Every structure is written in C-alpha cells, then in structure tokens.
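Next come the structures, one after another.
Each of the next two complexes has chain A plus one more chain, namely chain B in the first and chain C in the second.
Presenting the complex of A and B:
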C-alpha cells in the first residue's frame, strides 16, 4: 500500500468489505487523489455518508472526523455542520443513488437551494444493491432486477429526456459533474473543482456493481466484461471488437439509451453566496457579543468582555 | 535512458478481480497460481521490465493494493 492511502485511510478498514471487482473503490480512490492533489490533510475534511454500499465502505475508512447519517438524511446533518463549522473545513459526503436521488432527494435539493458549501459524491450502482439488487431511481429501463423480474417498465432520473443533474442545477447547485468510476485525470480535476467551490457541489459517478447489476441485470459473471459494458455507457461504440459475448451484454441492456453527458455539467462556482455564511453574519447582528472581534480588546475577544 | 518502474501488488489485500490484468497495455501481469487468506487469487507481476509507468492498473484497481512507482536511476 502506498503513502497516499497510509496518509488518509485507516489500515484496519482496507481492504474494504466491498465485493471483488466492485467499482466503488475506484470512486473512493479518485476522491482521495483530488484531496491529496489540493494539499488537504486529514484534519481539513469531515467525511459523512448515508447508508448502503457507497457509504459504509468509505466514511469510516477516513482517518479524520467522519459520521454516518440515517438513510437520505445526511444532507440535513451536513447542513447543520456547515452552520457550525469554520469555513475552512471541507464537508465531503459519499452517498449512493438511492440515498441522494431517492429518499434523500428533497434534503439534497434544499442544500443546493441554500448553496451550502459541501461536496456530495454520488456513487451510483444503478439500484439498491446492498439489500440484494432491487431497482432504484437510476436503474436502466428494461433491467431485470430482484424487484423487476420481467424487466423494469419505468424510467427513473436518468433517461434520454430526463436528467437529475438538470433538477439540481435548477435548484441552485453551483458545481455539477458526471463521470464513470474508470475516468482518469478529468474526473480527479472535476473533483478538485468541486472541493474548491465555496458552495454546493455534486459529482455523480456511475460505477459497476458486479454482484447484482452485473450478475443479474447483465446476466454476466466475467468481471472485466461487465467493466467493458460500463465503458460503453458513455461511449456506445466501445467494445465492438470484443466479440459475441460482449454483444450479448449490449443486447440485454443497450448502454447508449441514457444519452448522458459526461464530464463537467455546470460550473457556477462562487456565483451565489453560501447561506451558512449569510446566516452567521445575520445572527451576529443580533448577538454582537458573539461576533468575531474587529479589533483587540473588543467584546467577544474573551478578555475582559464583561462590564 | 529508459525509465524502470516497480509494481507492488499486496497479495493479501488484492481481491483478484483481474482488472489490472485486463487493462495493462504491456501485459505485465499473469494470472496467479495461489489463493490468499481471503480466498482470492491475485495476479502476479510477471514482466515488470515491460512496464511503461502509465498507472492504468493503479487507476482501474478498485482496492488499495496496487502501486506503481518509478525506480530511481
């Protein structure tokens, strides 16, 4: 194990309990590369999560402060933390698609509306995989899952004419990007921009769940082949040279149907104030004793403030 | 002078997914003969001298068990 992971992760938590070949670790790695690339230390980041595969593998592997919220509620907890913590502390949340775009969507939208300074990493495995592979809000239409044995009949938040990132943009998010867990430098660069935005940022990562989505929806157990199907999500032409076994996977679920935009989706970094800062300034006008001292010896400095 | 790289594969931390083997453009890895304590069969670094240092294997590895570093001349 190299210095980067010794620097940021608890050795006891690595290897994670994620399945062999699960792409979640690829997402995790890119987030750490971005944190390291910005020169941030363990003390600079508070790492939180909701529930499911995406969360439990990541938050408490972080050597610094970390917390787990209940399903879909981590955004509300992070909003409170944002009000309480000094501005320099970064809040990073690694959550799943069910957490962010399902049960927690309304909390998420309100964090975007307030442009609260936090970076939400949605690690999307196309459904509820930690409970055995039920369809969710990002499962491709037609997919056979534990709860759609005849194929999924509806379209969720990802489709040719519907994109959850558009909703987040309309709600006021100031930085949005989307990647595949396999993307290299461009994904790390966008993660850095997300961390630097003094407002609400979200990076959506699609990653392969080999155990449920791969084995059931794609009906394939060969992990590198499943990985190739994911490569063709953003690039439908990919894998034409991979022969019949790969074509079978593409016939099962057509990866081009989503027509998703990859890379930077929306960057309005710094264009709107972060509500937590406005709130702090506003409450200070009522509690001058709590306001940051403007000059030495003033009330609030802790030295002889009481008359 | 040609650069040389060392590839460190943590035998016990590897989950044997085979992504590195599939991804390496220089065919540096071979399927491994042995199982680790968790029951996975990690690949072996068979041809380290062919490594270009592209770090594709590091980026595709979903576990923190593979590291590529340049060997100082």
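Presenting the complex of A and C:
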C-alpha cells in the first residue's frame, strides 16, 4: 500500500483525519487500486470532491489536479470542466451520500442524462456524519440518530422497494455498481469498468461509520461487531455465530432491510455517446453558412401570424 | 466599424464572442433569455459551446467548471436566477476563477414583473454570496452601445483580477433596440483592446499568493500543474485549512487586490459638473439617460444642476460625492438602495426618487430640482423622499 500512496497521493494529506475505524480509507484505496490496475498516471485523472466526510478526507490527496465543489454542486462543476478537457482525461469524483443523493441529486441525474464521462464514487456512511450524525437519504428506517431521536420514520432512497441506483439507471447512467468498502477484488474490478466506461459511471460504496452510526444508531462501540453488522447488510446470514452481542445489534436495526444487490448493477458501457464529445464534434464541424437565419421565431413576427 | 441595429442582448453576445468567449451556460429567464438564444445561434460559429443548464445554480457552476479547464466562460440571468447564483458566486470569488455574469434586472421582489426594468440588485451585486471577506466588481451599462463595450471590459477585468464580474444591466438595456458598432478589422479591434491576451497557465505551487497583485493566471485543471481549488479556505498551495491566519491572508487578497487596483475599474460620467452645481442627480443604468436629458433641459432654463452617472458600481466610488452638494438619487426601486450608499459617501443632504418598472420623466425631474433650489423639500411629489 505504501507504494500506491507514494505513487498517487500527497504526503501532506496522509494519514487523513478520518476517525479510527472509518471505512473511507478502504474506499479510497480501492479507487487507487483500480486506477493503478488500468495503468493510469497522476496526469490522467482530475479528482473532484464534495462536502462531508467523503469529500473533505479525499480533497487534494490526489497528486495531480484537484477541485472541490460546494455541497452537491461538484457534478455541475465537472459538467463544465468536461467540456474543456480532452476525452483522455478522466474525472473521478469522491462524494458522500448526502452530497450525491440529497442536495446534489438533480445535478447528478442531469450528468447521467447527458452521459458525461465521469466516475462518481459515492462513499455512503448512512447519513450526515461529519455534522455529528443526522439521518440522511440512505439511513435505515427506524434508526436512531441525532435528528431522529425516536427512530427514523421517513423513507429514504434505499429500501426493499426503492433503490436510488434504479433512478440513476432510468436517468441514463451507463455504468452502476454497488459494494461494501470491505469488498476486495470484485469492487476493484467494477471500479476499473467504471473508469473505462466513456460515459457516466457511479459506484456506490457503503462503508462503516463507527463514531456516529455505530455508536448512536447501533449503540455499539466495538469496531469488529460494527463491521460485522455492515457485512450482514448484503448477507443477512453473516455473523450468525457471533452470539448474543451481535444479535443485539441486529435487533436494533435489521441489516436485511435493504435487500440490495451487491456488485454490478447496470453495465451499458459505450451504449450511447457522451454528450460533451457529441457537442465538441458537432461544433468542430459546424458550418456558419448552414446556420439558421436569425429572424424566425421572434415573438410576434412568426410565419403565418395573423396580419 | 459596422453599425448594427439590434438589442442589448445581441450586443452582449457579439461582444462576448469578440472577447474570446468559448463557453456559455444559462437557464431561460425573462429578460435575459435572448442572450441564451443568441448564444445558441452564434457561439457554435465561433467554436464555442452552448450548454443549457438544469437550473441557474448549475449554469454558473458549469461556467466555472469550463473556466477551470481554461475556456473563457459566461452566464446570464435576471433577479430570480441571480439569487441562485449565490453558491457558485462565492466559489468563484474564493477560488479566484474568472467568469462573466450578466444580470438583466427586472421588477421584484421574487418573480415580480418579468418584462419591466428594475434596479433591485444593487446591494445583492455587492454581496452576491455569504460570508463576507471579499470585494466584487460590478459594471452598469446604460444602453446597448455601452453594454457592448462593458462586456469586453468585464472579460478583461475578470481575467486580470481573476474574479467573477457582474454586468448589472436592466430590462431596458437588454431588451432595448439601439445602434451599436462592431469592429471589422484588426485596427478597430485593437482600439477596443482586442483580442484579449490568452490566459497563461499557472504552474504553481503558490496558486493562492498572499499579495494584492493582479495579472496572475488562475488555477487551470487538466494541464498537469497539480493545481487545487476548492470552497475551503486555501493555503498558498490550495490545501484546505482551518487556520485563521491563512484565512486572514486569503481575505486580504480577495479584498485588496480589488481595492488597491480600483483605478482599473472606476468609471463614471459627469454631466454639467464644471461649475460645481449645488444640486447633483445620481443614477446608473437606463435612468441615467433621462437624468442627463433633465440636466440639459435644466441648464437651458439656467438652472445649475449636474449629474453623476455611475458606470462602475462596486467598488463604490466614494470620492465622487461631496458633503456640500444636495444629491438627488434616481433609481428603479421604491426602497432606495443606491441612495443609502450616496448618503454614506457624501455625508450631506440626499433626496431620493424611486420608480419601478418605468423611467421617471424629464418634467418630473425638473419639478423636483426646482423644489430643491427653492430651498424647500420636495414633499408632495409622488415617490420622492428625503434619504434616511
């Protein structure tokens, strides 16, 4: 891992200021492994970040070019930047669940609609944890958080009948996958596919927050137990052998509530063009002599208007 | 020069293209829609990109993103969109990214009246975002011809100061039809300071110097400079920091790069001020044209009155105002915005005529000026008050 850090990250930002037991480092490492696996260099990737744990911990950690948007707006920044970058340059965005699925969802959907070439890594810690642990758009129903002291009664974007990735798929995203931060090779493989897709890719990583989600919603401070609970999110049978102490966690929040598919969710890589490339190509071949005449359509002077 | 008869919207489009615009993003809104329409038609001819955003917040962010990649970028809107610019406006100020913004002011608050001129964003253009610790650059054209020149000027200032620049127009300026001139040959382009210098690449590592120097290229992404820019308080290299000392140094730069180089921005037109008249009318934008007509009419009657037409609004030109004169501020709102600033800057007697959605008339202005000369106070005349 040291080699990977030295190759791609800035020493000033390592180690990060993440809490002990946080899964963000794992997500970050998976992305670097995928970049390395594809043989990409520091110059090949422009790294953007959002607000919250996921954004702040990864901002300017990349040795190359970095940018960070205000809350939920990094997708719109990336959309404009895409128009200015050659297609060889990749845009990677590391953002949180609130940034992507809350405040920034509209911009995210429009990036998916335009199939703009970028890879969005949503590092999901089940709520607004950097502000102290309020429920978010992916917090399990019933969870006690600092802003749902009686248990969360609202429906979020994740549940047995609802999946935010389905919304993104319908919006036109051409690559979608979901993993746990603890997933090894399969997640790196999907990240590679995401980076290779010449269009909009999003990989949703669920990762454990021990400080807020663990301590408040699961009422547990034992890190291995918290990790086990997260492992059982995708595999409800996991940790059966851990006895009563684990059962207590499962009773607090049923990890099977999500019924989410793990791994590849949707792969339509290359099935339709990236709008930024279309627009660039169209502009390059634009012939002013074919330009539309100026006058039609002006209010009140349209053709066929009554005299 | 080729003389063209067209709208302010068209003039702004043509000027922006001459200034090297390569990216426009916007969201349709009256009375700035025609800029978007003109851009969608004209920009491809100049090898530029037109992107219609999902909302104004995205429109401005996209323009910043394109500027970050090295493209000259612009967006335009009216009041309801200008408030949505707050978020990206702050980002561009803090990260020092050049973008040009056009605001065609209409009548507010909120959606108000779409197709009538207003001047309600005088202070909003000074404080277009939260947090303080910055200065803004705002220019105010009074007609189509000036809108053309000022658009070029806005791009120049935006690049030199590496900050967003607002052109604060109003509906009469953008929708109005007037003749303006488009340069045709290199000699005529040069006279307008065109073409603007190409943006240089800042190779770092001190992307955020602690000085008030201008003419420093901004961060450009995608060239392998290792540049970093964010919404956080930056260190010199662009790392995010919580150090108050770094914040103070950054604020110093954001404020004083503009205050200490304001000679490049300050612009006004003085009419009938040669004999130091005791009564002076103050205005900007389209009302200033009525005001100047009123000065002419008053002078013909032998009334010693002058006018200050502000062409740049922020930073505010305090030194134009004098305690010993009576100032009458004419603006297109009923609450009085410019008048507060004039009162602060002059410290003298200030009166206010507020109109909204329509211009005052010359006759009306003459009546008020006469009342002021009579030593009286213009009470009883509609919409005229003493400043508070």
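We take it that the second predicted complex is superposed on the first by the 284 of 307 C-alpha atoms of A that agree within 3 Å, B and C clash if a C-alpha of one lies under 4 Å from a C-alpha of the other, contacts with A are read in each partner's own complex, and residues count from 1 in each chain.
Keep in mind that, in the parts below, a contact is a pair of C-beta atoms (placed from the backbone, for glycine too) under 8 Å apart; a residue touches a chain by one contact, two chains touch by 3 or more.
Treat the numbers as computed from the prediction; the structure is a model and nothing was measured.
**Student:** More residues of chain A in touch with chain C or with chain B?
**Tutor:** In the superposed model, C touches more residues of chain A.
**Student:** Mind working out whether A:38 is in touch with chain B, chain C, both or neither, as first, second, both or neither?
**Tutor:** Neither chain B nor chain C is touched by A:38.
**Student:** Quick check on the superposed pair: does A:77 touch chain B, chain C, both, or neither? Answer first, second, both or neither.
**Tutor:** In the superposition, A:77 touches chain C alone.
**Student:** According to the stated criteria, A:12 is in contact with first (chain B), second (chain C), both, or neither; which is it?
**Tutor:** second
**Student:** Regarding the shared-chain residue A:171, is it in contact with chain B (first), chain C (second), both, or neither?
**Tutor:** Touch partners of A:171: none, neither chain B nor chain C.
**Student:** Kindly classify A:224 by the partners it touches after superposition: chain B alone (first), chain C alone (second), both, or neither?
**Tutor:** Touch status of A:224: first partner only.
**Student:** Looking at the overlay, does A:24 come into contact with chain B only (first), chain C only (second), both, or neither?
**Tutor:** Only chain B; A:24 stays clear of chain C.
**Student:** For A:215, select first, second, both or neither according to whether it touches chain B, chain C, the two together, or no partner.
**Tutor:** In the superposed model, A:215 contacts neither chain B nor chain C.
**Student:** With both complexes overlaid on chain A, does A:182 touch chain B (first), chain C (second), both or neither?
**Tutor:** In the superposition, A:182 contacts chain B only.
**Student:** Name the residues of chain A shared by its contacts with chain B and its contacts with chain C.
**Tutor:** Shared contact residues on chain A: none.
**Student:** Given the complex with chain A, which residues does chain C contribute to the contact?
**Tutor:** 23, 25, 41, 44-45, 47-49, 51, 53-55, 57-58, 61-71, 73, 87-88, 90-91, 221-232, 238-240
**Student:** Going by the contact rule at the top, pick out the chain A residues touching chain C in the complex.
**Tutor:** Residues 12-13, 42-43, 46, 49, 51, 56, 59-60, 63-70, 73, 76-86, 89, 106-107, 110, 279-280, 282-284, 286, 288, 291-292, 294.
**Student:** Would you pull the chain B residues touching chain A in the complex into a rising list?
**Tutor:** Going by the criterion above, the answer is residues 8, 10, 13, 15-19, 21-22, 38, 40, 59-65, 67, 69.
**Student:** Residues of chain A touching chain B in their complex?
**Tutor:** On the chain A side, the touching residues are 1-2, 5, 9, 14-16, 18-26, 29, 182, 184, 210, 223-224, 227.
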